[in-house]
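This report concerns only the one structure given below.
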Amino acid sequence: MTVLQVIFLITAVVTLGGAVLVVTVRNLIHAALWLILTLFGVAVMYGLLSATFFTVIQVVIYIGAIAILMIFAIMLTRRVKQEAGSSVNKGWWLAGLMSLVLFTALVWMFSTWSGFQTTLPVMPANVDMVKVLGTALVSPNGYVIPFEIASVLLLAALIGAVVVAWERKS
Amino acid sequence: MLNDWIFIGIFLLLAPIFPALALLIPRLIAPRKPNPLKTETYECGIETYGETWVQFKVQYYIFALVFLIFDIEIVFLFPWAVAFDQLSMFAVLEGVLFIMILVAGLFYIWRKGVLEWV
Amino acid sequence: MSDPVNSIAEWLRMILSSWGLSEGLITVILGVLGVVILASFVLIVDIMLVWIERKIVARFQDRFGPNRVGPYGVLQPIADVIKLLIKEDIMPNGADKFIFNIAPIIALAAVLLLWAVVPLAPTIIGADINVAVLYVVAIGSLGTLAIIMAGWASNNKYALLGAFRTVALLIAYEVPMIIALLVPVLLARSMGMQTIVAAQSTWYIFVVPLAAVILFISSIAELGRTPFDISEAESEIVAGFHIEYTGMKFGLFYAGELLHALTVSALISTLFLGGWRGPFVDQVPILGPVYLFIKSFFVYYLIMWIRYSFPRVRIDQMLGFNWKFLTPLALCLLIVVAILDKLLVGTSQAVYVLVMLGANLMIVWATVLILRKYARVERKRIGEERPVAVPPDTESSELVGQE
Amino acid sequence: MISLSYFLVFAAALFCIGLYGVLARKNAIAILMGIELMLNAVIINLLAFWRFRSPEMIAGQVFAVIVFAVAAAEVAVGLALFISIYRRRNTIAADEIDLLKW
């Protein structure tokens, strides 16, 4: 076992443990905090994939913005009596079974694929991936259309969400 | 480069230890005699009444929402700024267009009166 | 290029490798050592800050400040620490124990973590990563998290309300802060702190002063200091999110706040005031930290000056100021800087700086004009007669209430 | 040595846990958390394929960036919907929002 493997395994166990708690814990605020731990573990995973830009972006956007948005929404919609009942619906065992089956099927499918055991290729040396990404995002023969569409999507999300959530004064 | 990230990792693991140590010392030497009156929630001299969970204004959510949308832009704009050397004027203007579209959203909600804190 | 820190590190590396340790292990050991030294140094500075802050506040308010313990009261912070250590730690009823305890730890650790990317000298930096500016933003969001956790775990209405207000403030002011951070990144074409410092042959404050001002204002808001201290507005919500914290746990929040102020000053110095740059720093690298700390304390002094000179603004004014003034201004500045930078390719340094500076001043001038017009309208609006609250003795007011 | 299989299995596990959350949870916000887990699994997959199969091409990273933007938009609109529903029906339990099920 190399050091990298040990780091990977510890992160994976913590992350998956956190994820399990996210979907099982009854208290929603606790679930949100576990979600933050899980997202942090995923950020470490990005780091292990040498996509360090995504590591920081994950923390900034998922933990700094999305998780906080979720906590706000939980606080806005909480009812005390709701916590009393069961937090899962009647078919939860079916859902669990389906997830388990899907997981086994996915792993089985992967294992039959020849590229499954690809080992880490060396990164192109002395290339600043952030720079490459920036160039690709706006260069006309790169990904400029997705780039602009993303901004339109964000605009639509902003306007749509505000219109939906906004309380009209009567 | 890799060494730098190892350093950050070590820092992440060690940084909570310093404040945790500072909390450990009082646990050993400070007195600890809680009683119901002492651990009462402090609320300007009256006894606490009802649920802590008061209903919040939707305004908080709206501001977090606007923040989220503007936060996303950094994913796109930071690489754009870093790659500035290799960009043509056209590519720069694309970045400006990106910002302008978001500004249009800001002005829309401004006109709607969403940004008023009422 | 030899400085004491790196030579000691080299020396230790040699000793350790002579013991037959592997390369990776040595890196980890040296990393741990570096973290411990850096963090202890920063924490000691933090303890001294208590004295500095109190002494300077006292001067602003025409008092003496602490002057009993030790000469000029320098030992006062030590006494404070001892007092905090032996204070009883009270946990409020119904608190969420684990989260309640972990929140102050995260609050201080988040500030400590920022020092990993602050360059102290040409060769002395914790970690010279290529996403350092975003790292600062990311760690800042951990601080926000600590506040939410503290407010929620306290089981106190005022703490929760304070935490919500603080978070609304923090995330709102993060937007202009990020945009202002984009400007030096754009000028230096890098997010690495060392690259940004190295690119500042002209300090960026002379190139884009407006970005520095925007970053400064939003940083004060991020710190939650007056005039933006609604998070702990004593007259409104008692003390905000840390109302239920006592003893050392409160001490950690307090220390975190003070250290955050210095850290933000160090970051502003790094990004806009040339960081460790100064005379002779290339020959004697150890001068770097000295210059950095001089600049940082200058910015810190400015923050304190503002803190003790201004009254608190209302929450609606504060958020309005952010969304309707600071954010559009920062975006406008970013667009102007981006286009000008591309237009000025190939011109000499002097022309570049002068045009940039001129453009900045133009934006400031235009802003002032718009603000003047707005202020005229606003004065008229406020001056108009408005319905005032009347005591509910008349029947008509009751009818209004029932509708 | 870490191989691609590690990340794929990890992402599959995360995806399935998220799926369980989406299918089994009652509270709408908890369901959204499950969706977030699934989206994170997707991003891990994208980045893993980029890193292991074609580190010299940037397409994988661009894809991941777009997924980030879409995830943010989804959360923003989704939560806004839940708040609006809560205001009208005073609940956000998924099995109580049954207006279309007359």
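As written, the chains take the letters A, B, C and D, and residue 1 is the first residue of each chain.
Everything below uses one rule, namely that a residue touches a chain if its C-beta (ideal position, glycine included) is under 8 Å from a C-beta of that chain, and two chains touch if they have at least 3 such contacts.
Just so we're clear, the structure is a prediction, and the values are computed from it rather than from any experiment.
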Contact-richer chain pair (by C-beta pairs counted) among A-C and A-D: A-D
Would you mind checking which chain's mean C-alpha position lies nearest the centre of all protein C-alpha atoms? B
Averaged-CA centre spacing for the pair subunit C and subunit A, given as whole angstrom: 28
For subunit C and subunit D, what's the span in angstrom between their mean Cα positions? 33
Dist(centroid_CA(subunit A), centroid_CA(subunit D)) in Å evaluates to 6
Quick one: subunit B and subunit C, Cα centre-to-centre, how many Å? 13
Residues of subunit B touching 2+ other chains? 5, 53, 56, 58, 60-61, 64-69, 71-72, 74-76, 78, 81-84, 87, 92, 95, 102
Can you pull out the residues of subunit A that are in contact with at least two other chains? 52-53, 57, 60-61, 64-66, 68-69, 72-73, 75-76, 128, 130, 132-133, 137, 150, 154, 157-158, 161-162, 165, 167
Tell me, which residues of subunit D touch at least two other chains? 65, 68-69, 72-73, 75-76, 79-80, 83
So the touching chain pairs work out to A-B, A-C, A-D, B-C, B-D
In their shared complex, at which residues does subunit B touch subunit C? 1, 3-8, 10-12, 14-16, 18-20, 22-23, 25-27, 29-34, 36, 38-44, 48, 52-54, 56, 60, 63-64, 66-67, 70-71, 74, 77-78, 81-85, 87, 89, 92-93, 95-96, 99-100, 102-103, 106, 110, 115-118
Footprint of subunit C on subunit A - complex, ascending: 3, 29, 33, 36, 52-53, 55-57, 59-60, 63-65, 67-68, 71-72, 75, 128, 130
Footprint of subunit B on subunit A - complex, ascending: 47, 52-53, 57, 60-61, 64-66, 68-69, 72-73, 75-76, 78, 80, 128, 130-135, 137-140, 144, 147-148, 150-152, 154-155, 157-159, 161-162, 165-167
The answer for subunit C against subunit B in the complex is residues 27-28, 31-32, 34-36, 39-40, 43, 84-94, 101, 104-109, 112-113, 116, 126-130, 133-135, 137, 154-158, 160-161, 164, 167-168, 171-172, 174-175, 178, 182, 185-186, 189-191, 238, 243-244, 247-249, 251-252, 315-316, 319-320, 323-324, 327-328, 331, 334-335, 338-339, 341-343
What residues of subunit A sit close enough to touch subunit D in their complex? 2, 4-5, 8, 12, 15-16, 19-20, 22-23, 28, 31-32, 35, 38-39, 42, 45-46, 48-51, 53-54, 57, 61-62, 65-66, 69-70, 73-74, 76-77, 79, 82, 85-89, 91-92, 94-96, 98-100, 102-103, 106-107, 110-111, 115-121, 123-124, 129, 132-133, 136-137, 142-143, 146, 150, 153-154, 156-158, 160-162, 164-165, 167
